């Protein structure tokens, strides 16, 4: 048959493929109450694995899951621990120097969540106020750039993860939490009083979210790309989207009610793995 | 040999003490007059150290009474630090303060307890160091002296406080054989000057030379309390006879 | 008193030893015949312990020669463990192994070094424990015995290895006065049976009773090496005279 | 090894800012040192006090000091950090809590310092107690026999020797403070670990970042070690075994 | 959020916490046993008269003791696969890292333990005819181990708490499990308080055992 190299060879030789999963990136990739990885990206990854099985004629391919974090996901992909990262990773230029991405399967807008009672509607109302965000995310850079552009001054407070950051909003340590809107929606809907919060204000950035794989491995990338494109062409991806964003999901059967954005609809029609910079420059 | 004067310096009446269930002292009574020298002996664990520490309240006792120079030690109202300041004590392991020079060891009590001025304290310290033959060592630390020298410093330290009586707890038993005598010599001299002394020791030569009375203890009880001549002549209890024979043979 | 036989068990020739710059032993020579009992004495720090430890190679020396039963201790080719197995040693602080029972203390060397069977070793241990009067204590741990008992166990432990000679390093100086004799009695008996013994000790009564010769050390040198009668009669060096007078007075 | 090395990264500008990554690391270093040293001062003062209280002849004081030590040393530091930051202000009256959460200057710094200081104080207390209890019992007796009161005996006799004895274990605790301060990132103190995570995420040059940060931590711990060695040497008592060993 | 703690989520998340606790215990046990074994060898090396061996061991120990554990964890996790070319997985990586890291600390304890055995005991062993190996095995190490048992256990308590730092590589220990559960149910405060309670109870019980041991030893000596 054809000349196998890179990941495909590794997968074939070991008869196993390793998926990187997130434990709490609701609803893209997280653990349900039986501690099984579930989510929108997990479903898509499973389709990709099916394609790999078919390609390698290895129906018994063993699939293992390795939990990853936002700090270690890129090293884990580059060092070969993880073959396919099915999380919630933003595709940007810096990362493309280290890794490659499948066609974008989700688009998020960076916005802020506030308590409705605070009456805040716009970023400009945050001058001098504590604003929470999560250490090591792109939001940090965005806020920094926004401050410089508008010459306003937030008092940034940093949390080590999204849950802590939301806790800062909940306990009034911060008046706003700047993050990807789908994550904000997830945090709000599972909170104690989902109706107290709202996502408001201008969009700081549009970010394509995609499944991540090793760089410079064209054979594997082709298999992955084709699998994703096939999902998009058949319209199956809309069903998956509806399953995870528009219906009740585990563990507490909450419904995010998060409609598909126009940007994502565009991308399903014309699949692309362009980095975030490409979208935001166009604006 | 000195005479035995009559007014009581230390008086113990039916002292008993327990460590939990274990009775260390049973009904101990004795009396030390002013100027008297008493040697306490007995087998290991018989309660000698405990007894002597009851005198200045370093050990509390549950029954009985100890009166030192008219003050009751067991009385909760007694100002123990003040009482102790005037009862000199010398320990088996010297217990000099290792982080202070010899001079500081001799002055700290005078300054902090007797509230003497530094100069006065230093002058007194120098005089007493000289007396025990250690003027040269004043600036050294205890670790730099031999055991015998350390014990002489310990005696000088106690004397600096102008004690009305002195307690010794096996002052020579941690010393090399060669150094025992330099310490005993100082003690003999003190005794001859009329210091009231209560001394736990197995040095029978010393006892023979200066003791007025010898107390023999066993299992927390005072078994013999006799004048020196009676004790070395015909100790009345079998236990004491056995003990003496063991200590003195070879 | 025993006769002094003539064949040499231990022979030291011009042994010198340094700790860094500091010379602990200077040119020490002596000779212990089979069946002879030697007592080594001298002031603290004079090098007695170091000298005796050179005999079974526990301390290395830089110059001179030590020959035990025909084997040179300093020779790098000598199998030291094997030599030591047949030279019994008793320490000031007993040094029983605290984590083993008395029986295990007595059998471990026989089993691991002499490769005796467990039964044989235990039988021998029982016999020697009986001999030092401690049959009852076989199952106990060392911490449960008095100092005198521990030292007797230590002697029995050494005897279990069928030693050709015995070394003692101040075997009674860590003991309560009452217990010294129970240990000395065992040693006297050993000496009378003709065991070759080299014994660091200040027990002059013991020396008088059993020693054939007395060695007096000072500052790392052997100052006197005389028969017992010569030594106690007229020790030739001033230093030894001074030492004896200090040790024996009071 | 398909890692993309870039050693020049430290001098590159951060995304959307005008500092370099080196500036970030140095700021982080500054905060690490600040948190660690303040926590150490607090831990020493409290630890000595508590260590003493655990040896005094009063059951109530001993019990109180013991409870303190057990509480602070039996919960992981990371968990304590979380509790101090998120739970403690909720237990205060509402307006005080809000002040602590929003108005208090350098609130992350103070929270981290207090948390690390209390955590370390329990360890220092254990060492100090061990030091005091390792002294020959006669020293306390000798002090009292001289007529010194109990506090005077602690002040002039027991503590000076006990503290000298525990300098070596305290050296490790001092080094630990620097290492443990890395947990302060969890509540957003912008110290070294925080900056390392930021820089790794921002630059995607993980190995270079970790190497630099590891080196900076090493410098902290090493300096702590040297400082304590100097203290140990300066306070050595002439004639003790340690002194004799050092001379030869 | 005053007073409205919702502890019912604890029940739902017990399976989460249990898997986390299992890993924490496994990690503690492996790192303790492996660390003590390796640490003892390191201690023997540090005390050995062979200078290069002693120096190598002392470098290893000093470097390990100067770097925060989080950093060591990240290093082993990220760099070892880069060098060996073989990925190891978070949990195995944690087991290896903790064993190697704790060995440095156990080494120092065992070194102190070996030195705490009096010179007299060492001499007595040799005088009996034991070789170096026999003397270590039969006389010195058993006593060193017994003398240091309380300290070894205290270090194990520290180790048990330090396992919480594996969050850095995403291995799921007790704290991580509590956090994940906290996030998925959005009840982080309740979860962390519950985890704190578990840690406290376990550490306190262990330190109680240590105290008992210390008392027994103090009595025996």
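In this document, chain identifiers A, B, C, D and E correspond to the written order of the chains, with residue numbering beginning at 1 in each.
Here, a contact is a pair of C-beta atoms (placed from the backbone, for glycine too) under 8 Å apart; a residue touches a chain by one contact, two chains touch by 3 or more.
Worth saying up front: this structure is predicted, and the values here are computed from it rather than measured.
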Legend entry - Least step count from chain B to chain E, where 1 means the two chains touch: 2
Legend entry - Central chain (by mean CA position): E
Legend entry - Gap in Å, rounded to a whole number, between the CA centres of chain C and chain B: 36
Inset, instruction - Indicate the whole-number Å distance between the mean C-alpha point of chain C and the mean C-alpha point of chain D. - result: 53
Legend entry - Centroid distance [mean C-alpha coordinates] between chain C and chain A, Å: 81
Legend entry - Geometric centre distance via CA averages, chain E-chain C, whole Å: 45
Legend entry - Set of chain A residues in contact with two or more other chains: 71, 75, 79, 164, 167, 171
Inset, instruction - For chain D, write out the residues touching at least two other chains, lowest number first. - result: 3, 82, 86, 90, 206
Inset, instruction - Going by the contact rule at the top, pick out the chain C residues touching chain B in the complex. - result: 43-44, 176-178, 180-181, 184, 202-203, 205-206, 209, 243, 246-247, 249-250
Legend entry - chain A - residues contacting chain E, complex: 18, 23-24, 26, 30-31, 33-35, 66-69, 71-72, 75-76, 79-82, 161-164, 166-167, 170-171, 187, 190-192, 251-252
Legend entry - Footprint of chain D on chain B - complex, ascending: 53, 56, 58, 80-87, 89, 91-93, 95-99, 108-109, 112-114, 140-145, 157, 161
Inset, instruction - Name, in rising order, each residue of chain A that touches chain D in their complex. - result: 70-71, 74-75, 78-79, 94-95, 97-98, 130, 135-137, 140-142, 144-145, 148, 157-160, 164, 167, 171-173, 214-216
Inset, instruction - Enumerate the contact residues on chain D facing chain B in the complex. - result: 136, 138-139, 141-149, 152, 156-157, 160-161, 164, 237-240, 243
